[in-house]
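Two complexes, one shared chain (chain A), two partners (chain B, chain C).
Right after this comes the complex of A and B.
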């Protein structure tokens, strides 16, 4: 047998097994005894199938192929970085910050309905479209965020009409992230005719949903579910997706979080933990939880979702990152997804590199988060000094705490999260809620995929959709 | 009652940078101190009796993991640097 040499890899213990990964983005899940054989270079003692797999994935190489393997891994790593730096396809537009909900966890992205000066002027539409044309490639997803974007429906209507003409050579998709409060029959009809996707929020059964997402004007749960039923009955062509933000209250009853999704006939759900943007310490104490507490809940939700043939989207994003090297999820990018993952045009006319940047700006007014203004020339955004400052330390192969992590080829840097929670763009990963959540998420995904046949089957079904 | 336990690691197996990485990951609520002699690092853990074993096990696991990482790095670190440099050079050329 030709002499074999090790190529660089990181490892992570997952219960009694090990996950190893390398800079080519390959991974291998293995028993402890096999892992030790690799460490001790007892390659002859390995099962031939495992040995072949380790060679094919560039964990081991015949010594006479070392140079070739180096080039292959370098090329794969360069491709992964290049993918993270490819032009954005997600463009968020905030037509207004006014909102008819008073969600407990949304303290910085909303103002009251009668507040003045929080709507985006229609005169900015042409300039926003100019930015999108300059920054995008073929695929463009324009997502209207809020506040409650439908409060400024006339802006959305005019924007969609102008974008469809000005960007007709692009593959355009529109999404409205809405809590459905101001929606009317006329708006629903327009949404259907324009083939617009609705992204809504359902946090659980009535008591949980209304506690997390109260409105002074109406019963949010009743309103949301009634409109969903109406859309399903009268406009089945409208694409609806829903997400759940998990609070401390949600943790008490995973069954009741998922119940409305089953009752309303959803095929997928998206579970997301709380974000720390703009939270006062006492609010986090009231709504927040530890990563351990979240994962006790999340694992139960995932079990229920699997049993009911529901796709859990957060798990799917991670699976896509691991198995398809997808760089589409903004949080899981290295270098970070600021600007290259998404661009956000705020109601104020400011341009941010992510939705989180605009939320952090709302509480800190740190000008370093602004990448430009809608009235600026589009090419100035890409050369903005603030962008370089934010991105330069987001190659996680080199970041403290990340450089030894087996998940660094699948994970992301998220500088804005760490700036918000720790006041530092890199962050201390040993104390980072983001890192704890991602670490546990990858642990869970790998363990379920490789040790549970039911999960293996389901996850593979999800991956081909 | 506070108890003390000591984890000792040979400097041959564990470099100072790895020791620092271990300390980086030690939870804030664990009270530790470090010491050294010519050939060993010592991590001294001081905790209430009820917690000492759990803290010891966590840190011991970190020490073992970083010793393994050093072992891997001793054979592959030069390749890792070369691969990252090659990848970045490639991006610079493409740019």
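Right after this comes the complex of A and C.
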């Protein structure tokens, strides 16, 4: 047998263990003593099972196979990049920026219910559909965002009807991201008959939820839970998924954040840290926290979720990225998910390459974030100079702070986040909250998966559902 | 022992009488227009319409349009492509650059160009949408012959989908891959490519050829450049069963583009029969390793299939991956299967396993 040689890899210490990863997107979790044997090239000292894994995953290779391994690794890397650049399937439409809630962390900088000039005009519908047709492939998910999109329900109704005709050759799905304020029996009935998915927010028990998501018009928690129960009882076919935004207040009580999910019989939850957009920039001191504080909380939530057979979606997105190389989560893409992850048609008629872009534009009015206008020709969006400017530095293995990171094949470059928080598309990763959160998330997931048999079992179940 | 055999579909029949010479024929019923066929036609009833005929007293399931081969000396008629078969397979060469210790069709170095010709003629005249399997030897052993074969099919406007079993070594030549994918432009092709080891040492040892691992892996990556459908095949033996998990790791690293990973039980035929003692590992012993391999494949979003296993020897939780895969002309059910409620879902045993491992190992399967 020819001698074994090491191929390039990055590594990260996770407590007492090590994770190594390579550009083929493979990883190996190992004990420190084994890691040292690899570093020292004491390969014969390694357990034969570990040695077999390291060779299978192209961490080690017989010296006569360097050409082959180069081909394998570059092919995997190219595939990852290619997958990230496949046409978008998520299209967000903002029918209005008006909202009946007054959330302290509102990232879209919503406006009052009686504000003028914040609704998307119905005359744009045909043009938006034209853009979607041009930019998409087979699968199209259209998500109505706000403000509170149901405030402009007539727009949604008209849009859905037109899209179902104009895009009938595509696999079409609709989602309304709503806080359920303006929902009526009639609207619920329509949602059910049109098979529309609802994405709602539940931040915790009443005291937490209403503190995070106050409304001047009603008790948000009571309203949300009442309507969920009504939908569950009368329209069990309506798909409901819920999102939790975590504030400093939430951190104090993981049990109370997850309680409504268990009470209401949810099968999954989606825990999301705060992002510095919109009002959250100003309220960060009051609502924000460090990545360490978030993860003390998140680890407890995950434990409770696992104990109660709930799937935590944020962890699942990371697991899918690690094991299946999924490029479907906008934040975990490199090149970044701008335009290729999602397209956002704003109430103003501007087109953005992500939800965050329109959030940032609202507070900064940086024209560089705009990729076009709804009335432009769809072709022009793809060749827009702003798009190449935003994307060109998002090849993660070239970014300082990312190039030697063991998680770079699983993580994403988020230029809009770093533009927002540091005024730079790449940013200094050592100061980046995004980077701190992602690093800890990957640490936690790898550690749980490989050192806790219960987590190993649950995560595997989640991954094959 | 032979009296014990119950073969699902007889593939050879005895000829009583014929006026045909040896060769390939399209079987036709009377009064059919035969002008579009490029090989002679034959009927199995002697009458005024048929210039050529044969008679047989055996029960058979040949149909109009089937391709058959007449061997007068042996007084046999063999089905070549049969519409009643669950799968049809054509041998195109006996030559091979691998020497697998478990080869069920051991290679032969003699000139065998006529196999390619028979195969091409058979496919051209079969005119069915059914997928046809191509096997060897190594079909791409002589690249020019293989290219020529595809050209002949194209010149005769054949679009019959093909499942081609190849060791993939020839595909390390990227120009060759480009060439054949162009020739297969209007034809669906699935490549069945074997990987029996997670590394060169093990794979090369299994296939008895130096550098086979490097060639095959490079070939697979080249096939992926052209978006080809690939079914990866692993034959489980004593040599590799403990490394199935690592083969799954290799797949997710090097060839996540494959459409299926087929894990295959040994077919006790050819050299596998000769080397049975050192190769065979009971399905029972294989199961825990197969389970690990399949769960890794699932984790990576790669689909798995189990071929050539008797159903009763496959763990309950692995049955979703089970395929009733033993060709219907080479499978049979031992007597103890007669009362089994799952028989209709089961591929049974290879007829060739009679006397090899049945008595010793399979009474365990009796449940």
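FYI, the second predicted complex is superposed on the first by the 457 of 465 C-alpha atoms of A that agree within 3 Å, B and C clash if a C-alpha of one lies under 4 Å from a C-alpha of the other, contacts with A are read in each partner's own complex, and residues count from 1 in each chain.
In this text, contacts are C-beta pairs under 8 Å (C-beta built on N, C-alpha and C of every residue); 3 or more make two chains touch, one makes a residue touch a chain.
Just so you know, these numbers come straight off a predicted model, no measurement behind them.
In the superposition on chain A, contact is made by A:75 with both chain B and chain C. Within the superposed three-chain model, A:39 lies in touch with chain B and out of touch with chain C [touch as defined at top]. By the touch criterion stated above, A:11 is placed in contact with chain B alone, chain C being left untouched.
Within the superposed three-chain model, A:23 lies in touch with chain B and out of touch with chain C [touch as defined at top]. In the superposition on chain A, contact of A:401 is made with chain B only, not with chain C. In the superposition on chain A, A:226 makes contact with neither chain B nor chain C.
Shared-chain residue A:184: touches no atom of chain B or chain C. Chain A residues in contact with chain B (one complex) as well as with chain C (other complex) are 71, 75.
Within the complex formed with chain A, the chain B residues making contact are 21, 24-28, 61, 65, 68-69, 71-73, 75-77, 79-80, 82-84, 86-88, 90-91, 94.
Considering their complex, residues 1, 24, 26, 52-53, 55-58, 62, 64-65, 68, 71-72, 75-76, 79, 323-325, 460, 463-464 of chain A touch chain C.
Chain contact summary for the complex, chain C toward chain A: residues 198-201, 214, 217-218, 221, 224-225, 243, 246-247, 249-250, 252-254, 256-257, 295, 298-301. Taken in their complex, chain A has these residues touching chain B: 5-11, 13, 23, 39, 66, 70-71, 73-75, 77-78, 81-82, 397-398, 400-401, 404, 428, 430-431.
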